[in-house]
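The two complexes that follow have chain A in common; it is paired with chain B in the first and with chain C in the second.
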Partner chain A sequence: MADLAVPLPAGTGSIGLEASGPRGPKPRHVFSRRNIFLYGTLIVVALYYLLPLYVMVVTSLKGMPEIRLGNIFSPPLEITFEPWVKAWSSACTGLNCDGLSRGFWNSVRITVPSVVLSIAIASVNGYALANWRFKGADTFFVILIVGAFIPYQVMIYPIVIILREIGLYGSLSGLVIVHSIFGMPILTLLFRNYFTSMPEELFRAARVDGAGFWGIYFRIMLPMSLPIFVVAIILQVTGIWNDFLFGVVYTRPDTYPMTVQLNNIVNSVQGVKEYNVNMAATILTGLVPLVVYFVSGKLFVRGIAAGAVKG
Partner chain B sequence: MTRLKNPSVSIQDLSLNFGAISVLETLNIDVAEGEFIVLLGPSGCGKSTLLNCIAGLLDVSDGRIFIKGKNVTWEEPKDRGIGMVFQSYALYPQMTVEKNLSFGLRVAGIPRDEIAKRIARAAEILQIEPLLQRKPSALSGGQRQRVAIGRALVRDVDVFLFDEPLSNLDAKLRAELRVEIKLLHSKLQNTMIYVTHDQIEAMTLADRIAVMKGGVIQQLDAPQTIYNRPVNRFVAGFLGSPAMNFLDGRLEKNDGNWHFVAEDVRIPLATYAFEREPVPGAAVFGIRPEHVAFNSGSGWPFTATANVVVVEPMGSDTLVWLKLANQNFTVRVTSERTPNNADSVSIGFDPMRASLFDAATGNRL
Partner chain C sequence: MSKSERPNQLFRNLNAKVASIPMVLTALVIFVGGSAWTVLYSFTNSKLLPRLNFVGLDQYYRLWSTPRWLVSIENLLVYGVLSLVFSLVIGFILAALLDQKIRFEDTFRTIFLYPFALSFIVTGLVWQWLLNPEFGIQGVVRGLGWESFSFDPLYNSDIVIYGILIAALWQGTGLIMCLMLAGLRGIDEDIWKAARVDGIPTLKTYLFIIIPMMRPVFITALVIIAAGIVKVYDLVVAQTSGGPGIASEVPAKYVYDYMFFAQNLGQGFAASTMMLLSVVVVIVPWAYLEFGGKKRG
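Up next is the complex of A and B:
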């Protein structure tokens, strides 16, 4: 039996087995059917979404005479940034002719407090629901989730009345409150699920160490939840920035957010349709969510909880 | 049950229900000062739940918990004078080892130089001084568990609670840390309550083991007593690897002598110490594989011949599976004496080392 264990000299194959034949890593072909399907589909889909953006950028860089030629896919013969400047600072909406800039700052004043407020409240909600099982927590959670499924349109008029009664109708702070409330169900769900997925023993260890509700929240949970905060920020910034319905209902012309102003510029009926200005204005309006995506994409993916438990 | 005089931890009539499900049932246990108690049982037996109740992480449904003579049933975990070590280590991932150790002390508002002193002491005891500035993610499993123990250590507590602290480690590290925990206990002389499902850990570490099943403590005794004189069939089967042999049969009295009878096998019980007055009827005979002598001739109160069914070599020794009275029966033999399959072998043992159980209740006879 012992002689079986003697190692064969290097280079000799086992007796009776084929000497040549596959060995080492399996070769991969660049133009395999799988790759063609995979990358083909990706390229087609990418083109489908990028083409309109291309047309917008190209059109916004052309002068009106060039646009009238009708070659929407051709690159600009003469690049001009005038439509961008006009869209930002002097396009007319009704009586005002100060461009999108006012709407931009209104949107900032709406988005920033709404995002901060809604995420601050929702994260504490989610934390309490996940870690401090208080009496009636499940009922509370169900009610909150049902809220996520009620169409916004149903609630527009009651909210108008409520805001009027408390004297906030037409003001930015009224809109901030509306946005914060409507963000609550989905954000709370998001945070609750994230905190539930965190190892419960961490929470227990912190309790044994003597930390209380806020101590655990700020010193243990918050530092570990950067990814979910980034997700929430992306959701809220894009959602609130792109909102049109609440903006047009709950604000006045001088406090209109950017989206409403964009609509008014693009849909204004008097005079010539300035396609280049409209395109530039649209891109400007969409720029903020786009920047948020690109800046926070990496944080999105990174796992912060690595090394918390096990090995 | 007899109560200790000045117990470090005393649990009185503790019950815990989750809705209709009863997890712990009027449980009583006293832990002496400086004692190492192991709560041992299969998953779902309530051992971790009991530990969480002692820690104050779960509210009890009934009963009282005393630590150092103080009723802590309604106290917050931090006010109970306990430190806890978790299975998953539960280190705060965003903090360095030093910050992990000092977290509880900082929360409690202890002065900075005192914190530094305690950390230095804990780090020295656990030999983690070079690791203090590292994050948990840069530590190995064994180092993480050391830090987790250190977190309990710095808090200067009376009672240490361990919740399966070694289960996440590989076998080699587990053996090493087991010894370290034992050394730590002899050095600190703190009361320690240790939950595990690993019988080796229980046997090696414990002053006393509490074997639990279904939220009830089956037996609370010194490891050797539990091993040699299990109070019921569950305890007998749970402890010991390879497991104890059980033969189903009857108790009979012939000519004034008790015998255990299963088919053609008759085991004389003259040397067996009965726990209570035996009555004829169905019974289970249990004997550990290592208490059976193999091919060692006569001279035993009971001898038999049997056919080998399977042989399992385990390195240090070999487990031989036999058929005795048409039931599985294992014998542990040294590896040099390994028989072949289908050999007919002779075995012998002294019923003094056996355990007899009532077939219906499973209680020791």
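Up next is the complex of A and C:
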């Protein structure tokens, strides 16, 4: 590729270029053994990763008779959107037959406030830890980070009791609080590290000009750290939307988030299994995080890397 | 903030303290308090409601003589060791392949990572369908003429945990690949040049130079995978519901079922305390190596 960039003297063909001695990197053969092995492996692995998504889509577009006869990998002979309609509006969980739409809207009503609340709390926490250290602040921060490793199962029941005491057990608000609590370690770490990396002079100048805690946060820190807010939003939207454990513990059947309802629809023992409806429901549930993933691209990677790499 | 006389120690930085109340409450009440509460009540015979009626280690004796718990632990060990090894190996190989200055790198990376955006419930349900013995992979291969072909991990209690492992690896290796790729990119180009000048084969360069240099990345990946292993719950619920029988039970599911279905809180608390203990066993040596080691060196 690179030798194309070498300006050719007028009248010299490719042979002339070779004769003038090697310049630039050695040209690679497109079909070298190395390339066949490299791309071959990558393509096979990519197919393996794509296969489940393909099967999901294909199955959801078939009718039940075709599924019983055919093979899960074959494309649908007759495309039907009926399974999608049914999954959305009339699939049954127990006695309720209003489809996944209820779970979808519950999930929206859980995710939006949880994302806003958890990020609001964590960003202010991170800001206080980075710029307004007080005695003992780091101790709490260490407890918070260590706490992120405690299995949720250990803390589930005490939270049930607390929520019951304040009358929020089983409600969407209760679940929002739970998500804000468990999102706190990772988000606080994210914001603390980001604010710490900002130039100290900025903060000092603002203080000299008489700005206080909230003034600096809202006028300087917030506008300057929009990228990290986007990363946090991506992290939280996918994390909260995909949550199952907290949903199943802290909500009731009529407030179940989408993942819990999906599991109940697909794994219900009553009735005939409708695989096409199940797969349509599965795609519908996976759609929100998938869209977030494909739209956000590199930011998603940055988010999970930030979420994953401690320190 | 702008009081003229020297403010009281308690009111210094008052806004920051007020703003940190959620963090302090979470750290003290939920993380420390909640864990201590659960550990304390694991020594009681609480059934439907938590009661402070201490029975010593009874719940633990009962726990370790319950077949379902033993199966859960065995599953977790098998699943844990295999997913650790395979995630690291596959993640590293994929990252190394992507690091060969290939074309369409972004496309490949996007494909390898997208399952990570999906929930364990979605992952479990898709793989439940793919591994369906009648219509799934087994059915398709049999339909091609190989009648005796058998691949039904979800219905065979001896290998069900491998069926879950396949789904888990599909979902999670992308993340490890991303971490490894970032680690590979962080290695100085000169190292490669030096190795090439010395005539060291690529494979050897990876094994004896690059991988030892990527020790921090491997440790991070290890901690992430290990933390995920102990928490594995949704995937099993979606894929097998612990079946066939109790063959694919895991500790997290044991805890949930005893707390919220069997109404045997004491057992649930004891089991969750064992989970906490297992995390401590993993985290403490790691923290010691990471932070204790630095002080010595």
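Definition applied: the second predicted complex is superposed on the first by the 251 of 311 C-alpha atoms of A that agree within 3 Å, B and C clash if a C-alpha of one lies under 4 Å from a C-alpha of the other, contacts with A are read in each partner's own complex, and residues count from 1 in each chain.
The criterion applied here is as follows: contacts are C-beta pairs under 8 Å (C-beta built on N, C-alpha and C of every residue); 3 or more make two chains touch, one makes a residue touch a chain.
No experiment lies behind these values; they were computed from the predicted model shown.
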Using the touch definition from the top, say if A:223 reaches chain B (first), chain C (second), both or neither.
first
A:158 in the overlay: touching chain B, chain C, both, or neither? Say first, second, both or neither.
second
For A:199, select first, second, both or neither according to whether it touches chain B, chain C, the two together, or no partner.
first
Look at the residues of chain A and decide whether chain B or chain C touches more of them.
C
Going by the contact rule set out at the top, does A:242 touch chain B (first), chain C (second), both, or neither?
second
So, A:214: does it touch chain B (first), chain C (second), both, or neither?
second
Can you list the residues of chain A that meet both chain B and chain C?
210, 304-305, 308-310
Help me check something: in the complex, which residues belonging to chain B touch chain A?
52, 55-57, 76-78, 82-84, 86-94, 103-104, 107-108, 135-141, 144, 151, 155, 168-169
Which residues of chain C touch chain A in the complex?
1-2, 12-13, 15-17, 19-20, 22-24, 26-35, 37-39, 41, 50, 94, 97-98, 100, 102, 108-122, 125-130, 132, 135-137, 139-140, 143, 170, 174-175, 178-179, 182, 220, 223-224, 227, 230-231, 233-234, 237-238, 241, 251-252, 255-256, 259-260, 265, 268-269, 271-273, 275-276, 279, 283
In the complex formed with chain C, which residues of chain A make contact?
38-39, 41-42, 45-46, 48-53, 55-56, 59, 67-68, 71-73, 121, 124-125, 127-129, 132-134, 137, 140-141, 143-144, 146-147, 149-159, 161-162, 180-181, 184, 188, 210, 212-214, 238, 241-245, 248-249, 259, 262-263, 266-267, 275, 278-279, 282, 285-286, 289-290, 292-294, 297, 300-301, 304-305, 308-310
Could you list, by residue number, the parts of chain A that touch chain B in their complex?
199, 201-202, 204-211, 215, 219-220, 223-224, 304-311
